[in-house]
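Quick heads-up: structures coming right below.
Both complexes shown next keep subunit A, but they swap its partner, so subunit B is in the first and subunit C is in the second.
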Partner chain A sequence: MLELLQSIPFQPTWLALPVALPMAAAGLLLAVARLGFRQRFRLQRWIAGVVAGIHVLLALLILAHTLAGDEGARIVYQMGSWPAPFGITLIADSFTAIMLLMTALLVVAVVPYAAGTLDHHRESMGFYPLTLLLLMGMNGAYLAGDLFNLYVFFEVLLTSSFVLLTLGGTPGQINGGIRYVVLNLMASLVFLSAAGVAYGTLGTLNMAQMAQRMDIAPDAVRILLAGLMLVAFGSKAGLFPLFFWLPASYHTPHPVVTALFGGTLTKVGVYTLFRLFPLFFPGLLVAWQPLILTIAALTMLISVLAAFVQPTIRRLISFDIISQVGFMLLALGIALDPRAPVTGFALAAGIIFIVHNMLVKTALLMGGGVAELEMGSGNLGAIGGLAAKRPYLAGLFFVAAFSLAGIPPSSGFVSKLSLLQATIGVHQYWMAAVSLLVSLLTMMVMIRLWQYIFWGEFTTGHAQWTPLRKPWASWLTLGPITVLVALSLTMGIFFRPVLHVAQKAANQVLDRTGYIAAVAPLADVPVEPEFWEPPQ
Partner chain B sequence: MIELYLRLLDRVLTPLLLLIGVVLLLRGHDAPGGGFIAALMVSAAIALQILSNGARLVRARIGRALQPLIATGLLLGVGSALLGVFTGQGFFAGIWWSIHWGPIDYKIGTPVLFDLGVFLAVTGATIAFMLGLSTNVIETTDEPRLGKRPVQHAAQPARRGEEAQ
Partner chain C sequence: MTTIVLGLLVATLLATGSYMVMRRGQIKLILGLGLLTHGVNLMLFGSGALLRGATPIFKDKDNFAQELATRAFADPLPQALILTAIVISFGLTAFIVVLVSRRDALTGSDLVPGELARYINAQDPFHTAGGQDISEVLFSDASDDYDILQFELDEIYDRKEPLPVDATDTTVESSTAE
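Our next item is the complex of A and B:
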């Protein structure tokens, strides 16, 4: 399989496709939006689904090529043949390819789900073009080789997600949407300040060149930049004191939008933290370990405790999303610990955790969404007893929930186990205890959720959604969930190749010199030394 | 009475803003300017129209053109970037031609096309945002949602901007 994919030649130019293709497809969808009248959504669905499918193949190809050799390889494309610090650099390594693959997979899963559940109004307001633009923003953020383009793609992502969030325009959505956009714009502002500080002090925004100059920069610059980036991306990822935008908004839109967001958006923030901190601040990652681990522990604990008292399905899962992000930050916190017996194992565990989480969280949100649409409401106090009516859904949800809790043979078990091994390996026993406790609490939350939705007498609450009767609806909704749950189980059972790939990806992320050498920035941009002198 | 002054003012300002927008668009590839700024300039002209004539009139005039505008912009942007791939110079490579025709000496190339794409997409999106925001604020309309028939009110007072007709 791997050899077959590696035998297909890959032009570095094609690295632009994950950005260009969804953009072109979104343009095409808007252009044909009025063609075909009643049948027009069928055309939109097919185009969106096929484009996402092409992305999966493309990401597989990139993954195969970045895994070549013992060390792995990097694919670099300098747009328009402008050399590195002057032009736009796109760079992919195995971690990028894994994220591209997972995101494309989730979009492939979401498109049929949307076709089965979305109402006419929301489909006609452009769900599919917006999803493609969101995909473009995420792909661009994964591939960006300089800080400014990273910012731009984060904005593309934010703008399309904001429109998706308010698609349908109910008062609750506008309320959640305003909080979402204000808090996210504040994070973007912090990010933009970081970019400004970086340009003013380091004289460059190219990430490879920034990494070069970060080594000779004074401590003040490094600490300021690290702090700004931790706040900016920590907010996007949903870390402890900055996660409020997430539970305030994720339960308001149509379930399909929540499923799309829950699997992807926070993970882009986590990806950026994983990418930038080992590249820019390897020293600070060790020095700030107590801070990072404290944030991770608080994120895990507080949000899992908050999940216990949430009144609706999607509010509960939203808090659970945040709690799982804490595990990922834990992996980053111990990634460069000098006591680690195997370098990069902690980060590999983190990458596996991200992949597991993207699969399972989307499956859970999709399953919860089907239940919510079926019973007309997500209010846990009022609904119940769906197991008798939809036994297959109950089974799928059960497996997904237990995968999240970390019961073997699911992906949750292996990812939590490897993370626990890495944590104990660096003698962080307190963090190991906290992560075990949070796993236990997560399991209790998930059992509670399953029990509320599926157990007992069948009752429905005050109907917020009118159940749609679309053709093929149960196939279109349960099919993708089945695929995601099956992928989670496969990952848990055939763990060795997954670990191998993740270990390679983690080593590539930690290999700063390789990254800098791959981009090979020219050193012609003058550094402004006067900024570096302390004021007299 | 604010609308009267505004309407007098925008007879002068709207063509001026549109003209500045075009100038900014055409010089943007080498000099200060560019598609994004030009688009904001043109959107400012439309914002003035919304304030003076009301969102309803503006929507009736250009509302249907917005989605095709965004679509054309996106396709033009990607297309201009892809031209370089077809000539073998790579994605986003700049390809330039010169136009010498009488007094006109203008350099045209894929960056200009890309700027035009940005211009169209940003114009369409910004105007759509502004129309969406002003629908319920500047005048309460019974704008029909897609797929629904407009609600007919029994006694409707004359709307601003339409008394003259």
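Our next item is the complex of A and C:
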């Protein structure tokens, strides 16, 4: 399989496709929206699904090529053949390819779910073009080789997510939307000022060149930039003191939008932290370890405790999203610990955890969304007993919930186990204890959720049970959930190749010199001290 | 000198913007976000060295490094960055204005946490006000515990049915009558 994919040639130019293709397709969809009633919806669904499917193949191809050789390879595309740092640089390594693949997979899963559950109003107001624009923003953020393009792609994905969140315009969505937009805009401003500070002090925005100059920059510059980036991306990822935008808004839109956001958005922030911190601040990652681990522990604990008292399905899962981000930050915190027996194992565990989380969280939110749509309410106190009407959904939700908690044959078990091994390997026994406690609490939360939705006497929030209108709709919704849950189980059972790929990706992320050599920025642009001498 | 003035200007804009964002009215929120984005844009502007009278054009393409070192031209990159940032913040501000006006249409008020104070007053879910008008409790400076009502507000927003007529502002009707 891998050899077959590697035998297909890959031009570096094709790295622009994950950005260009969804943008072109979104434009095409907006043109299709002018057609007559039935064709309009059918064509939009099919085009969106096919484009997302092409992305999966493209990401697989990139993954196969970045895995070539013992060390793995990087694909670099300098747009218009302008040498770095003057042109736009796109760069992909195995971690990028993994994230591209997972995001494309989730969009493939979301499109049929949307076709099954969305009302005509939301479909005609442009759900599919917006989803493709979101995909474009995320792909660009994964591939960007300089800080300002990263900012621009973040804004692309945020802007599409703003519109997706308020699509439909109910009072709750407007209320949640204002909080979401304002808090994310503030985080973007912090990111933008980080870019300004970086350009003013280092004289470049190309990430490879920034990494080069970060070594000779004074401590104050490094600390300032690291702090700004931690605040900016920590807010996007949903870390402890900055996560309030997430539970304030994720329960308001249509369930399909929540499923898409819950699987992807926070993970883009985590990806950026994973990419930038080992590249720019390998020293600070060790020096700031107590700070990072404290944030990770508080993120995990506080949000899992908050999840206990949430009264509705999606509010509960929203808090659980944040608690899982804490595990990922834990992996970053111990990634460069000098006591680690195997370099990069902690980061590999973090990458596996991200992949596991994207699969399972989306499956849970999709399952919860079906329950909420059919029962007419997500209020845990008012509903119950859906297992009698939908035994298959109950089973799928059960497996997904226990995968999230970390029960053996699932991806949750292997990812938590490897993370725990890495944590104990660097003698962080307190963090190991906290992560075990949070796993236990997560299981209790999941049991509570499953019990309230599926167990007991059949009651609904409305006067009567409203199964999804279209007869084929239930299969369009159950199909993607089945695929995601099956992938999670497969990942848990065939863990060896997954660990192999993740280990290679983690080593590539930690290999700074390789990254800088691959981009090869021109060295004759003057470095910071000369640059800042006052004009004569 | 220019740098100090620019720094002070950026600091003033950021401080004013942060203060405005943290106040209750939604118009103040929009103005505050505008000030914040201006502050950050000016900061980007200052990140290329400020040169008086130099154009952002370099004359000799093959001798880029030396021209940069002798500061023969102003750095064009920050200006390109600001242009992008301005466009983005302009679009987002427009989006927030739409959201706020939509919420204004839905609730008949522009106050952030207590939009539905009148409605709560009629129901008074927690009997927090103890008989007095809850909007006085909410907006008096001595009180900072309106957060417990935030959740109740969410519940009202999450309703599927439209709000009862007596919940909306009576001044809206009188203004349309004029």
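Things worth noting here:
The rule is short, and it goes like this: the second predicted complex is superposed on the first by the 519 of 536 C-alpha atoms of A that agree within 3 Å, B and C clash if a C-alpha of one lies under 4 Å from a C-alpha of the other, contacts with A are read in each partner's own complex, and residues count from 1 in each chain.
Definition applied: contacts are C-beta pairs under 8 Å (C-beta built on N, C-alpha and C of every residue); 3 or more make two chains touch, one makes a residue touch a chain.
All figures in this text were calculated on a predicted structure; none of them were measured in a lab.
In the superposition on chain A, contact of A:69 is made with neither subunit B nor subunit C. Look at A:9: by the touch rule set out above, it reaches neither subunit B nor subunit C. In the superposed model, A:189 makes contact with subunit C only, not with subunit B. Contacts of A:26 after superposition on the shared chain: subunit B is touched, whereas subunit C is not. Touch criterion met: A:124 reaches subunit B, while subunit C stays clear of it. In the superposition on chain A, A:290 contacts neither subunit B nor subunit C. Contact with subunit B, but none with subunit C, is seen for A:77 once the two complexes are overlaid on the shared chain. In the superposed model, more residues of subunit A are touched by C than by the other of subunit B and subunit C. Once the two complexes are overlaid on the shared chain, A:338 sits clear of subunit B and of subunit C alike.
Considering their complex, residues 21, 26, 29, 33, 36-37, 40, 43-44, 46-49, 51, 64-65, 68-69, 71, 77-78, 81, 84-85, 88-89, 91-92, 95-96, 99-100, 102-103, 106-107, 153-154, 157-159, 163 of subunit C touch subunit A.
Across the complex, subunit B is touched by residues 13, 16, 20, 23-24, 26-31, 33-34, 77, 79-81, 88, 120-121, 124-125 of subunit A.
Contact residues of subunit A toward subunit C in the complex are 148, 152, 155, 159, 162-163, 166, 169, 171-172, 174-178, 181-182, 185-186, 189, 192-193, 195-197, 199-200, 205, 251-252, 524-526, 530-532, 535.
Those residues of subunit B lying in contact with subunit A across their complex are 67-68, 70-75, 77-79, 81-82, 84-85, 89-94, 145-147.
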